[in-house]
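The structure is given below, and queries will be raised subsequently.
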Amino acid sequence: MQSLGIDVLLKGSNFSRLLQGLYVALEISFVSVTISILLGLIVGVLMTLKNPILCFILKIYLEVVRIIPQMVLLFVVYFGTTRVFGMDLLAETSAIIVFVFWGVAEMGDLVRGAIKSIPTIQFESAYALGMNKFQVYVYIILPQTLRRLIPLSINLITRMIKTTSLVVMVGIVEVLKVAQQIIEANRTTSPNAAFGVFGVVFIMYFLICWPISRLSIYLEKRWA
Amino acid sequence: MDKDILVSYIPLYKNALLLTLKIGWQGIGLSMIIGLAGAAVLHFKVKVIKNIVGIYVELFRNTPLLVQLFFIYFALPKIGVNISAEICGMLGIGLLGGAYMIETFRSGLETIPVMQSESALSLGLDKRQTFLYVILPQAFSAVVPGLTANIIFLLKETSVFSTISLMDLMFTAKDLIGMYAKTIECLFLLVVFYFIMILPVSIIGMIVERKTRYAEFGD
Amino acid sequence: GCTTTKADSSNKKTVYRTLKEIKKSGKINIGVFSDKSPFGYVDKNGKYAGYDVYFANRIAKDLGVDANFVSVEAANRIEYLQTGKVDIILANFTVTKERAEEVDFALPYMNVALGVVSPSNKVIKKLDQIGAKDEVIVISGTTAETYLTKNYPKIKLQKYDAYAEAKTAFENKNGVAWANDNTEVIAFAKENKGYTVGISSLGDNDTIAPAVTKGNKTLLKWLNDETKALGKESFFHKNYEKTLVDTYGADYEEILVVEGGKVK
Amino acid sequence: MKELLKVKHLHKKFGENVVLNDIDLVVNKGEVVVVIGPSGCGKSTFLRCLNGLEKVQGGVVTVDGLPVEPDKKSIIKLRQKIGMVFQSYELFPHLSVIDNLILAPTKVQKRNKEEVIREAIELLEKVNLVEKKDFFARQLSGGQKQRVAIVRALLMHPDILLFDEVTAALDPEMVHEVLQTMLNLAKSGSTMIIVTHEMNFARAIADRILFFDKGEIVEQTDDVKAFFEKPKTKRAQRFLSTFSYS
Amino acid sequence: MKELLKVKHLHKKFGENVVLNDIDLVVNKGEVVVVIGPSGCGKSTFLRCLNGLEKVQGGVVTVDGLPVEPDKKSIIKLRQKIGMVFQSYELFPHLSVIDNLILAPTKVQKRNKEEVIREAIELLEKVNLVEKKDFFARQLSGGQKQRVAIVRALLMHPDILLFDEVTAALDPEMVHEVLQTMLNLAKSGSTMIIVTHEMNFARAIADRILFFDKGEIVEQTDDVKAFFEKPKTKRAQRFLSTFSYS
């Protein structure tokens, strides 16, 4: 076995393209994660309200998101909206819509679980102080759930970052696709490049996701 | 949508479903074993091994399955270890899943009050018995929702099996679209088969959660 | 499927852009592969290159517009055209009956024939040598896959997403043979000792052609005229010499290139 | 004497289970009413109904002439007239002591923040906790938490205070601190309804005793001393006897 | 009289914080020792050390002549000689009452299952709980749970029983049930060490009183009556005074 092909990354702009691909993946996941967390908080609160119709709808929503593969959602949002409504969404927008659709459901469920773990007495003592529902959630319940949410949502975030590799299906070139491109472009000159390039991608993902999971451990300890 | 096409594709999807289920569930089984063992190691704070488990979790949780599979399947033979694609798929799911399961089980174990293990210890149970008869069964009920979510996530992760030539559902769909250009039919069938695969897990998860809820709270 | 026609009839506006609209916009969207060297790939400077891309650039030049390349996958080529998100697909698109129902193919610009390569100590010379348990490696979305699936449904195929993985798998002895475009297998046997091309030409000669959205008559006609016109200046031979000769050698030039849209 | 709280024909069921059965009560301004009775007899539920935390199946509760109706908008205003302190877990763990105290006055009553802080600190001084004002709940002992909870309720200037077994989770010496605080409140003329299992304390603080059993008021008397020496009903006699051991 | 439990120069620190400072104690067979003292003085920690749930920094505890050492294998055997009942959460919620009871005798002592069940039912009868044998913990009241916990400890045939504020989380009438059970045990000659805040009960059951403060035994006496009427130390006087209200 000759070189593991890491040298192909040094050719031309290959490495910076790989970084660019990573940036694309991170950009999409960052935007999606941020929106998902914000909307997920709202949906999570809605899930705990004792409205049977709302609960049922949200439950169905969660199951749908869990069952339908993200790739299908990407096709539906990117190509389907054009077919049916004649809209022309940007690929990035479609990707973010799909990830948010997914993220909000999962986040909402985490928020629901976290809110459920807050003792009822907390709600009641807030009500007893004359607060209305909105005030109770904003000042009392949500601040307390945030701490419990951290480790769980970090898991979701790293999963979202890793799932962004699907966006090639709508023509977005992210880090794994760039890796494929580099490997293919050098398939004759550097037949083993796949090992080196994938190795570097492996490390890149790790370097991005690992600090996030460290952060969660840190926050968990600090707020415990 | 063309009915004949749907009907003619169904056998292919059925095979893919069976393969996905077979490898998926073997992998999930493996991941649960790893998860339990790892969580036990963390629970008992076993020296050194505890750190290894920690590194393993971080490494597998923070990198994509696609790349993990690539190395298991293609790099190992280069150093003389040959494993079939199916075993490789199972290992991939098992190792990735194991990392997630450890975290899930660990957080489940942490919800059990220390008092429970102390009262078991003071009855003369040893650490192993305490873990097995007292802590684990209780942690299980706390773990079920997370476990369900993990299982669904792992079943869906089988979609990266295309890298190692396993014809799972996702690959079958993509492949058929590439060959015969019937996008809508193929995606429709994909959703139907995912539904068949995942809905029972969701439902069983809910039932098990209800059945195992021993704790004082809940409805 | 029926949805396409429904979408077409329910929206007054057609999904595709006519030749005029393309010219007016000053930009043409062309779907190419970005990881299928040497047909469509991205070179070390981040520029699209390859046989398909060379042609695509010429199309843009002759239209007097800029080329905007979109990286497509085997599984979404059709969808891109049917939603008008690209104007032309130039992604090693083999003409088949099924695909022709969904998109309109222009005149071809290349031939494909299939070949099968196998280890020299166990050369496969005929497909019936392949046992019931043996597996043949193919790349998903290629002509070899389509052909074998259709004509030899009994042969077990081991499908990979990408060239690198198929090649590594073959080297790791995961299959008894590898079926691909014959140029590919010949090039592979040339570079790697211990492999022989047992079958160098299999089945009918298929062609590769540009595709446009179904019904986009103006663009289709322009493309056909363009292909014919380019034939006069031996454009595709030049293209071959620029992009493929390094990989396949000069021997295959006549077999592969389709000049002026006329298959010999 | 002003009638502050009035309960008429109060009925409360959980499903088929009748928990409060036709309760009538009038509490005047400045009165201290102590509710005692066996576990599960409905004491907590009774207090929660007064505060609109439970829906009732019949009867009315009025505070200062206004009806307590859980689902109406008016409940928000009414609850400000009623302070309630629970058995446990009542401080908000994500806020410091001072933030726990000023949250409701500033956000609900929209009072001036500086002024509320000044008053909060005055009250904290009275319960000897001023130096803990920036602590979080988890850094306080149980008795300290309960005193903060009482101050929190007081800061809303309620007309009436409800206490539900506020010392049940505390150690004896902390019980003492908290009960002392309540005794001081009683002396300063606050109107209170107190549920407790501390018979010595009940005897010391009560102007009136309500003895509950199975959702009904079985005995009610202003003669507190006589009640503890010899209650009129058999049920109350049996209940009081459980506090001595043979 | 047989010396069953012996504590010599016991020292226990949490970090820098000295929690038990040079404790000496001898408990004879059949004796009932009651430990009282202010919160945080180290009572629970003391019991936990006797049972090997805490590592100690100095001194020895022996039960029946055998040393209690938390990390040794022998601790498993020793713990079977010591039954312990905690304040709360002590039943295993995933097991029925009967399974809670037989778990340790069958798994740890490997006794015959039928025989253990027979004995368990006999003991359940004594505490009036035999009809609850297939219930889960959540279906029992607090007092019932504690009685089951006591039966569970008894089923191991321990030489000595430790009780750590077993009634602190209970309602008065349930407290009564549980304490009555303990009184019966005392009468039948069991050796017990009891931590409690129920002074009336302590007075009724104790053969000996230990008064703890700040990790030390401040007062120790066999004259229980005299202690409660007029303790010798100032500290104990102050402590006992908190149980009355002005």
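Letters A, B, C, D and E mark the chains in the order given here, with residues in each chain numbered from 1 onward.
Quick note on the criterion: contacts are C-beta pairs under 8 Å (C-beta built on N, C-alpha and C of every residue); 3 or more make two chains touch, one makes a residue touch a chain.
What you see is a predicted model, and the numbers here were worked out from it, not measured in a lab.
Asks: Tell me which chains count as touching both chain B and chain E.
Replies: Neighbours common to chain B and chain E are absent.
Asks: Which chain has its C-alpha centre farthest away from the C-alpha centre of chain E?
Replies: C
Asks: Which chain pair shares more contacting C-beta pairs: A-C, or A-D?
Replies: Higher C-beta contact count between the two pairs: A-C.
Asks: Could you put a whole-Å number on the gap between the CA centroids of chain B and chain D?
Replies: 51
Asks: So the centre of each chain is just the mean of its C-alpha atoms; given that, what is the distance between chain C and chain D in Å?
Replies: Chain C and chain D have C-alpha centres separated by 81 Å.
Asks: Where the CA atoms of chain C average out and where those of chain E average out, how many Å apart are those spots?
Replies: 82
Asks: Using mean CA coordinates as chain centres, what's the chain A-chain B distance in Å?
Replies: 19
Asks: Hunt down the residues of chain A that sit against at least two other chains at once, touch-wise.
Replies: 75, 79, 194
Asks: I need the residues of chain D touching at least two other chains; which ones are they?
Replies: Nothing qualifies.
Asks: List, in ascending order, every residue of chain C touching at least 2 other chains.
Replies: 3, 73, 75-76, 79, 82, 165, 168
Asks: State which pairs of chains touch, listing all of them.
Replies: A-B, A-C, A-D, B-C, B-E, D-E
Asks: Which bits of chain A are touching chain C when the two form their complex?
Replies: Counting only chain A, the residues touching chain C are 11-14, 17, 75, 79, 82-84, 86, 88, 168-171, 173, 177-178, 180-185, 187-188, 191, 193-194.
Asks: List the residues on chain A that touch chain D in their complex, please.
Replies: Touching chain D from chain A are residues 119, 121-122, 124-132, 135, 139-140, 143-144, 147.
Asks: Touching residues of chain A toward chain B in the complex: what are they?
Replies: Chain A residues touching chain B: 1, 63, 66-69, 71-72, 75-76, 79, 106, 113, 151, 155, 158-159, 162, 165, 176, 194-195, 198-199, 201-202, 205-206, 208-210, 212-213.
Asks: Within their complex, state which residues of chain B touch chain E.
Replies: Those in contact with chain E are residues 113, 115-116, 118-126, 129, 133-134, 137-138, 141, 212, 214-216.
Asks: Any idea which chain E residues touch chain B in the complex?
Replies: Contact set of chain E toward chain B: 48, 51, 53, 76-77, 79-80, 82-84, 86, 88-90, 92-94, 103-104, 107-109, 136-138, 149, 152-153, 156.
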